[in-house]
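One structure is given here, and the rest of the page talks about it.
Naming follows writing order (A, B, C and D), and every chain is counted from residue 1.
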Amino acid sequence: MIRNLIRPASVLTVLLTLVALPSASNLEAQGKGTIKIATQSPLSGGQAALGEGIKLGAQLAIERFKGGLEKAGFRVELVPYDDQAKPDVGVANAKNIIADKDILVVIGHLNSGVAIPSSEVYKEVNLAMISPANTNPTVTDRGYGNVFRVCGRDDVQGVVGAEFAQGTIKARSAYVIHDKTTYGQGVAEFFKADAEKKGIKILGFEGTEEKSNFDPIITPVKAKNPDLIYFGGIYEQAGPFFKQAREKGVKAKFLGPDGLDSSDLAKIAGKAVVGMYYTSVAGPVSVYPQAKQFADEYKKKFGKNPEPFAAQAYDATAIGMKAVEAAVRGGKTPTRDAVTAAIRDVKHTGITGAVEFDGKGDPKKALYFVLQVASENPEKWGDNKEVKRLTIAAPAAKK
Amino acid sequence: MTTALFEARGVTKRFGGLTALHQVDFVLDRGIASIIGPNGAGKTTLFNIFTGLYAADEGGVAFQGRPLLGLRPDQITALGVCRTFQNIRLFANMTALENVLVGMHARIGLRVWDVLARAPRFRQTEAALQARAVALLERVGLRGDPNAVARNLPYGDQRRLEIARALAAGPALLLLDEPTAGMTQGEAGELMGLLRALVADLGLALILIEHNMRVVMEVSDRVTVLDHGEKIAEGPPREVQADPRVIEAYLGAAARQRRPRAAR
Amino acid sequence: MTRAALAIGLIAVSAWAVATFPRSILVFLLFQGSLLHAYLAPIPRWLRVALLAAALLVLMPVIGAYNGYYLEVATQVGIFVALALGLNIVVGLAGLLDLGYVAFFAVGAYSWAIFGSPHANLIFGGGFPLAAGWFWAFLVVGLLVAAGAGVLLGLPVLRLRGDYLAIVTLGFGEVIRVLANNLDKPINITNGPKGITPISRPPVPFDVSYAEAFYFLVLAIVGVVILVNRRLEDSHVGRAWEAIREDELAAQAMGVPLVRSKLLAFACGASFAGVMGVVFSAKQVFINPESFTFLESIGVLAMVILGGMGSIPGAVVGATVVTVLNLQVLKGLSLWLNELKNAGVTVFGLSLADLPTQLEPAKYERMIFGMILVLMMIFRPQGIFPVRRRARELAGKS
Amino acid sequence: MDLPLLIGIFPQVLLDGLILGFMYALIALGYTMVYGVLEFINFAHSEIFIVGAFVGVEILLGLKGAGWLESLPWPLVLLLLLVAAMAVSGLLAAAVERVAYRPLRSAPRLIPLISAIGVSFFLQDLIRLVESVWRNAFNLVYPTLDGLNHRFELTETLDVSVKSLVVIVAALAMLWVLHMLVNRTKIGTAVRAVAEDQAAASLVGIDVNRIISLTFLIGGAMGGAAGVLFGVQYGLINPYSGFIPGLKAFTAAVLGGIGNIPGAMVGGIVLGLLEAFAASYLGLLTGGAFGAEYKDIFAFSVLILILVFRPKGLLGEIVRERA
């Protein structure tokens, strides 16, 4: 019986597919001399806003800088991939990406937890990945020749946080909470280590996957009454935590890494996070003197303010295209090896400052900021004040 | 002193506050014994204890001199005590043949490794099992297709299949729980013929739970009567039939039927 | 004859189409459809075997040369086929609803991840990662460790009634995941949420790429798994499992040792997952607890249910359909929608660009799994490829 | 180890655990009612519960958008939320029963369970789909009701907010109403009759299908109320946030004796306390080696241990032949 049912069904599928074939192939036709630049970032899910910013930043850069390559007879295209902020999705996408020989540079990811395994795939074919946002030290500390980033590192971000905590807040004790993700736990550990070195007493170090009920975590925090709470994690989880903590009468100052940098934090936690500090490798676009034009253009084209990391993605893409241009020899599409090698030599003054890579692919100098939340109104997130700025070189790889 | 084939002493079972069986003794050496009694008398409970589904609260059961209490049902089956169920419990989505093959499980000496390697030993065993299963199906009078799925068989055949499945384990003692329930008098008579033949040919001992009195009187060598969990009579069919306590239990039972089932 | 020609022709045309349009998802689906067609078509057995073997052993790697992603998809399909076949033993044959099946996959994956990466140095001091050749040994280690975990879990819980067993295995699956997420202290065993990387890959013979090597490895394992499955099913062991599924009590009364049979089912199912876990960790080079969530367990369950509980071809087809749906169709829809949005297409006067950005077809896998489970239970509980009871050759029957 | 600290936070942890426990108890009612009547684990109850939370947040956001939120007294707003959420969740639960469970009522017991798991997953993404289209967001924040957030400082280390008291009062009230409903009314008698023996119940003229629908309706309504209280208490919800609390509530139901209404409350409170104490004290007692991240393991271990070592009706129920 099944046989009788399935056979016509499969024949039908076949016919349908044949009909659909021409349209599909049109959609995916490969022109000669096409150069593709891929982005990989979460385009859906809780961090979609940030991921979308990366994609749009890259798009803007391609439109701005593609002139040179077009003159040489190439078409330049952006291929956005959605890694859903999940490692396995990122890896699967990466395999898809390396299968497309036209893709010469990958701009991404947002999450270090996704970037690390995905870059293992890129490495197989020496495809360059330039990260606008991955701050985990491991990303470049593996010493892969094809991995670069234009932003700072968590270990430094943790250090910046600790330095700010000691120097500016004058905190003598701190309680550290993290969200048990690669990113959150990583940066929290760096903060803890450096804060302890600086003589700040760490009263507790707690990780949790809890999303809603923080009561049992807050109670010990309140009892130990720290000067400062450091939250290593993302705003989605930090929001309810800060809100509940303030409601329960916790009076400590709040500090965290750039994962807290989202207007949604104000939406969730409201006045609880007014006055909260966060360190960032991005900083609002308004911080960069050269970035005014970028912000205006972005707003004009996409109808919204650039999200954090959009400017970094713009710069990363620009660097990638510069390298592709440099690698073009005699009108032929350059190899991935040539592009990757060329990136190493690029010196680029972008809207987030001058970028030049060291041996591991870290920027020789990176900017770090500490900002403070100004208002409980999510619309005014962009008004957050920069309270401190540091330029720090990436630490040498520890073996 | 020689031990009896099957011997139960002082079996007591309580469910909560209700005593389902109280100090029941039962001995069987050979032939066919029947257990009768009104609904709720404890007959099936006794079977469940004999076959290890329930643990008795007191008393002991022994088969060929080996104590059965504390053994699992499958171990008891492996020793040679096998049963059928009052409400047929075939493996409904398996074929008649497969049902019988499952019954042979305890007698199969193959290891998982033999199965995976498909050793000659495996093939020989499977072939032999299958031949035996087919023979058993014929023996119990199932003339239909052995590859028919059990749930599609007619009712009477399902009863027969259940007996074939129980015989597959190669028991020395077979416990049949209302084997003729739902059958016409003619079918029941046929089945009894089969049972008698099995006893004669294989030297099987049988214990029946039965409501069909004609069947009971016809085939039983001995009859045990339970009422309210206690043995009230035991002996050859004619004697038991005349026992005043039995008559009272059965007449009284008509009134009791309407009471809610207590033992649940 | 025409049937045979049709089957051969479809495979040939679709394979050619994939080579010509290597980036079209639809064409690749067509290729898969042609394989299914060949499997179902009333053609001689030898031809069917030859066609499928040629397609899987030769055509697929060639297609992979045109678009490596398809080889990745095929490999993923293979991994899930093995998982579905393992779960099929537990759920389909023995009738034990295991909602934490992916835990065994995790156990296998972590066993190689820890020792096949420098991570083990944190526990034992030095000397790691093990040489890549150890991978082969760890296929066995993964099998044994997962089977052991199956027995350990099974011993206390297998006496439970079906629905309670389901909940307990769910709890067990979550416990394993939470442990994997938390055992980075006091002793760093799993490296917690950060996961373990880089995990060594096995040495590859000749000039084969890793992608091809893993494809063939997975294919070989799936072959073995199918063989084992069929042999078990077609023996007293398989019959005992089915009897337990049909009527536990009667099975026991017929001499089937319940606990031992159930343990065996659990251990078998778990061991397939364990082996594939080892392969998975080496293939991914990176694993973290996120790959082993309850959602994955339900996904595998949906594969088994879709194909038909207890049915080997059902598990294969179910795993393929669900995996392809997840990896290709939903994601393809997302990309397509994205392109339409960017192109400013309007439907009924509504610009697609105005669609909410959170509306992403790729994210609705739970809805797909859920619909599969509900609809199959209501309308076709036996699955799309129900078990066909094998009619036995009866020698002694006149 | 800092003993005064450990003792100092004890009352607060106790209170937190109680609040969490009452929340679990409310959710557990839905599981326990359905199980009591059908011996069926309504796996989708966790989503019925979170739907209640979404109904609540939508009404609040609506009121806020219309500018009425500040002008209305909070008890009235809360009552409105509870009534609406109970209605929607209750009807949804009954509809789910009608569509996905009733056709399978005579099937082997794993079949409806698998269907229920499917419904659970389907509903999660359905909520997500609806909210994505409607608000382009599915992580929703409960607008703050100032009156509910007021806190009473009882001692230096112990304080309690109005909303926590509301949870306790509402839970107790609903348990009481339900207890009365089941034990003192005609409907309750019918429910108990169906639970005892469906065939017999239908023989004495009870419409079994209606009573089962009613059971789902009541259980779902309890879940909806719990959803609103959950949202008000903890602030942020998403379509997936019902799952883990649901599983824990089921644990609570089993712990207290499934099918037993006061048992659900006892089980919920025990589990809530256990979880709160584990999360608060584990880190303090082990010097940080283990911490709050293990609290789910505690809950799941309780689930496993209870099911393994108190196997209700293990053999006695399967072998339900007439004795």
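Here is the rule we go by: a contact is a pair of C-beta atoms (placed from the backbone, for glycine too) under 8 Å apart; a residue touches a chain by one contact, two chains touch by 3 or more.
Keep in mind it's a predicted model, so treat the numbers as computed, not measured.
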Partner chains that chain A and chain C have in common: D
Core chain by centroid distance, with centroids computed from Cα atoms only: C
Remotest chain, chain D as reference, centres from CA atoms: B
Chain B-chain C separation of Cα centroids, rounded to whole Å: 44
Between chain B and chain A, distance of the C-alpha-averaged centres to the nearest whole Å: 72
Inter-centroid spacing, chain D versus chain C (mean Cα positions, whole Å): 34
Computed distance of Cα centres, chain D from chain B, in Å: 47
Residue list for chain B, restricted to those that touch at least two other chains: 53, 85
Junction residues of chain A - those touching two or more other chains: 180, 207, 209
Per-residue overlap in chain C, given as positions that touch at least 2 other chains: 178, 181-182, 249, 357-358, 363
Chain C residues touching chain D - in the complex, by the definition given at the top: 95, 97, 99, 156-157, 159-164, 166-168, 170-172, 174-175, 178-179, 181-182, 185-186, 248-249, 298, 301, 305, 356-359, 363-367, 369-375, 377-378, 381
In the complex with chain C, residue positions of chain B that touch it: 51, 53, 72-75, 77-78, 82-83, 85, 89-95, 97-98, 101-108, 110, 112, 115-116, 118, 122, 126-127, 129-131, 134-135, 146-147, 149, 165-166, 168-169
Chain A-touching residues of chain D, taken from the complex the two chains share: 5, 8-9, 12-13, 16-17, 19-20, 139, 141, 144, 149, 151, 153, 157, 159, 161, 230, 233-238, 241, 275-280, 283-284, 288, 291-293, 295-296
Contact footprint of chain A on chain C as seen in their complex: 10, 14, 17, 20-21, 23-27, 29-30, 33-34, 36-37, 40-42, 67-70, 72, 76, 178, 181-182, 192-195, 197-198, 210-211, 284-286, 288, 290-291, 327, 331, 334, 336, 338-339, 357-358, 360, 362-363, 384-386
Chain C - residues contacting chain B, complex: 228, 231-232, 235-237, 239-240, 242-243, 246-247, 249-258, 264, 389, 391-392, 394-397
